[in-house]
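Think of it as A, B, C and D in the order they're written, each chain with its own count starting at 1.
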Amino acid sequence: MLSIGVLRFPGINCEEETLRAAERVGAEAHYVWHRDTSLGGADVVVIPGGFSYGDYLRAGAIARFSPVMAAVRDHAAAGGPVLGICNGFQILCEAHLLPGALMRNHRLRYVSRPVRCIVEQTGTAFTSAYVHGQAIELPIAHGDGRYVADTDTLRMLEAEGRVVLRYASDADNPNGAMSNIAGIMNAGGTVVGIMPHPERATDPLVGSTDGAGFFISIADWYALRQPVSPTS
Amino acid sequence: MTFRVLVRVMPRQGLLDPQGQAVEHALSTLGYPPLQSVRVGRAIEIGMEAADAAEAEARARDMCERVLANPVMEDFHVSVEVS
Amino acid sequence: MTFRVLVRVMPRQGLLDPQGQAVEHALSTLGYPPLQSVRVGRAIEIGMEAADAAEAEARARDMCERVLANPVMEDFHVSVEVS
Amino acid sequence: MTDTVAQDAHPVALEGEPAITPELVREHNLNELEYDRIVAMLGRTPTFTELGIFSALWSEHCSYKHSKPVLKRFPTTGPRVVQGPGENAGVLRLPDGWAVAFKVESHNHPSAVEPYQGAATGVGGILRDVFTMGARPVALLNSLRFGPLDLPRNRFLMSGVVRGVGDYGNCIGVPTLGGEVGFADGYSGNPLVNAMCVGLLREKDLIRAKAEGVGNVLLAVGARTGRDGIHGASFASEELSAKSEARRPQVQVGDPFTEKLLLEASLELITSGLIVAIQDMGAAGLTSSSAEMAARGGVGVEIDTALVPTREAGMTAYEILLSESQERMLVVADPDNVAGIEAICAKWELNATPIGQVTDDGMYRVKHHGVVVAAIPGTPLVEDCPIYEPEARESRDAVARRKAVPRAARAPSLQDALPLLLDAPNLASKRWIFEQYDTTVRATTVLPPGGDAGVIMVPGASFGLAVTIDCNARLVALDPYEGGKAAVAEAARNIACTGAEPLGITDCLNFGNPEKPDVFFQFTEACRGISDACRAFSTPVTGGNVSFYNESPTGVVYPTPTVGMVGLLPDVARRVPSHFQLEQDRIFIAGTTHGQLGGSAYWAELLDFVGGTPPVVDLEAELALQRFLAAAASAGLLRSAHDCSEGGLAVTLAEAALGGPWSDAGFGATVDLRSHAPGLDLDALLFAEDGARVILSGDAAHSAELASLAQSFGVPLHDVGAVLAPGQELTFILPGQQLSWSMAALRTAYFDAIPRRME
């Protein structure tokens, strides 16, 4: 059965809903404590949002050194899917599992609102359930979401189709991110980081299900990599 | 003349400094020998025209008192370099 | 010996520095003569034991490279005082 | 034995301590009567440490010495009440074994001095009040008041306060579901910052802050103690002045990261069953938490302040007892459980340090390195502070203001009035503010800020929780009794608009100096109004907070008794939003328009006239309306419902059409008011603020059913128009004339009003 590990650092605060969203697609989901050195058999790792270590110094700068991150590195190196949401994205950048960095929003204010995004890369374990170019609306809630990288890195990301999620327009860009980048992936397409919160948009009661695709994709990815067993 | 003014704005002694605490904790877990203290504040670099260093410093101090530092919580330190 | 290490972590030249812009704007609205540039970063004061200033500085640089600064977006500067 | 007795008789005055002089006593905000009572209680002169203890516990903030008799008259009981006033937070029963803990707290004085930290630590304090009951915080609200935004100082205060509220709550991961912001001259120099927290718990997990079990251990959990905010409690109990500026306590700095660890550790400690009681070290820090816990349990405590982990060397017993360092808890537990407690705290990177124990002699005893520095009979210390019920007399001006009438000559045209009102910060969209608060973390937000009440769902349960906080202070200033009723009535309408049933309230009573007869009159009358409304609605008062002395040389605040209310939606899927949803839906006015303009925003904002007689709040009509709305919502007859409050019918209809805070365009609408309230002046018809009214929209196919339902509840229902497509205009058809506005223009006025002034 698909097993999803949700990392828990001190100061993370989106782990409950992330776990719920994972369970909603029929996965076994469990927390992985920051001091653990193993992922508890997780097929997929999700680093949820929040304020690991209070975001002191820089968002994600301290969490990056937690013992569990070694296991995440190995998992990623072995081609295991890793999704970083918001603070998780920041941690992945600080840990150099993704290029670039996330800086203070250009208006210097925390911003919490729904934003329009375009799914530009569906060849990942987290976005296969979307169609290329699909417009979705997801909640954002962050103070440090301005994606920056040097020009070479940006050129490479664009050339290799590694921009997974983009704010639909300059007007929709809530933080001044370069090239309206809302989410990217590593060269192998296994490690993905995004600023918006899909786990907050998986239930019609809370206004939108546009984020459910991220978790459905995980289930699809797992199903495909499993040999179909004769009994089923 | 053009000067490079370096302003350091630090939390008052005695005030809680959560950032400093967190950094100190992080550095110790990274295995650095124990530190006496770590405080985190703001660094501000200002390039300005002034007749001489004294004028540049005086203006910078005035800026600190009016805007750059929060008198209720912060102390500031100003130094001037010719650039 | 005890040293006071002053670390300055500043946003990379060329990168948008909204805080710097905000401060520059605030200062100009207060009627200060126009400034060449204003950049805002982090100031970190570390009190540490070390054999000599060179060791203290070396350790601080190492801290900057590993934790205190993010090379993607920041440059750092270290200076050491005997305290 | 004889030894301790001797020590109890004469705690040691440490050298270096000031002698007890009348000046020193006065500096501790204790009057002669109070000091004499202390000496009588002890049978001797208090030590410096004891004087500090009394100054904290007998401060207005801790002792409620000017408000107790009045608060006693609140209705505090009911079938749902699990915990009424007196604990860290009130608790009401919900379905399926759930309960809701909620409380509001003011942090006005600290925010006036340092808006960011003052507001942030205010949020930190109210979160602790809720999770020390064993509840997980699931919603935050905030009620703010500032002077007019054209003064830079007020803009500075508002941006600092909003950042402070946001950064703290965002970091903990609790969604902000609502609040209110108001602006008036009296708040210049006296901003109000009230923070409310709502938590969920299983009723069986409820824990009370009651020290029990002689021999049990007291532990300090969380942050180290520094010299922060010493005398904060007594500071909050005097007018801001040059003098108080000088005595200003060291600013308390919030550390939301440590608070988050403390939250998780506390809930884990409570469910582990390892602890007897837990209490926040809030105002007056260790002193009040330990003394109040002991008094509740009817036991004594003994603390050695030298054992308390401190941030700075050389802190005295006096400083350690009175420090208001944040993110600290006091825990009582069986000695055998200390190891287990330390383990749970260590998991969350926190320290738990034994600092004393529960004793059988009822004494509040403090040692420093084993030397007794304070020995005070515990219960009298907490309960024997003199209680005052000062003279209450309404001022002549207040009476005159009610009789006054505006000079109508200055009124703008009706055409101009609506956009002008939507552009007034008091009525305009507060999006600039709540966009800085995380409103969707936890993924339970069903109705975010931007409408009436906020609504959250409870994963695994079918019910939902509606929350709001409201007060129209202008009405209270003009008529404290009706204003108090109106605050409860508006909160209840906001709850009812979502389809929920109002359950109970918490209140934050922000007033001036109670020793002034006109202020105390406002206080007693407003409380009487709140009581009568709560009785009528069966919404008991489960707790609250009193903040007096909101005065400064620049003036005094409007009497501002903010009412925080929670409501229950039996089926959260039936929640009703406040904005129009679909074109061609019918638009209804539920309720009666009497045309009373007294105290209206129309007069205040456009004629610069705060006066007249506010509408009388018809509690029967309000209750009927609440019940009708709940029934209509559960029958699925409503597409939207929006409370009619500031700005009257015109502004409320416009708001419903303008669309939610993040919609691209609202809807147009045509509203025919010719037969709604015949004979009224048009400005009264459009802008009067009579209560018991809401704007509804629904499918035309349900109109008949809705009408008969309204009739069965005795609620007048008027079908006044239809929702038009986005891009269409808003049109009012009035006797003798017709007014139209482009929605684009109205949206700009409404949504840009505050950003335009702040940036």
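Simple rule for what comes next: contacts are C-beta pairs under 8 Å (C-beta built on N, C-alpha and C of every residue); 3 or more make two chains touch, one makes a residue touch a chain.
Note that the structure is a prediction, hence the values are computed from the model and not measured.
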Selected interface, A-B versus A-C, where C-beta contact pairs are more numerous: A-C
Cα-centroid distance, subunit A relative to subunit C, in whole angstrom: 31
Geometric centre distance via CA averages, subunit D-subunit B, whole Å: 37
Centre distance in Å when subunit C and subunit D are each reduced to the mean of their C-alpha atoms: 41
For subunit C, residues contacting two or more additional chains: 42, 67-68
For subunit D, residues contacting two or more additional chains: 255, 257-258
Multi-partner residues of subunit A (each touching 2 or more other chains): 53-54, 56-57, 61-62, 65
Full enumeration of touching chain pairs: A-B, A-C, A-D, B-C, B-D
Complex contact set, residues of subunit D against subunit A: 163, 166-167, 170-173, 255-258, 260-261, 348-349, 434-446, 457, 459, 572-573, 661-662
Interfacial residue positions of subunit C with respect to subunit A in the complex: 11, 15-16, 18-19, 22, 42, 67-68, 70, 72-73
Residue numbers on subunit B that touch subunit A, as the complex places them: 18-19, 22-23, 25-26, 29-30, 40
Subunit B partner contacts - residues on subunit A that touch it in the complex: 53-54, 56-57, 61-62, 65
In the complex with subunit B, residue positions of subunit C that touch it: 2, 6, 8-10, 20, 23, 26-27, 30, 32-33, 35-49, 59, 63, 66-68
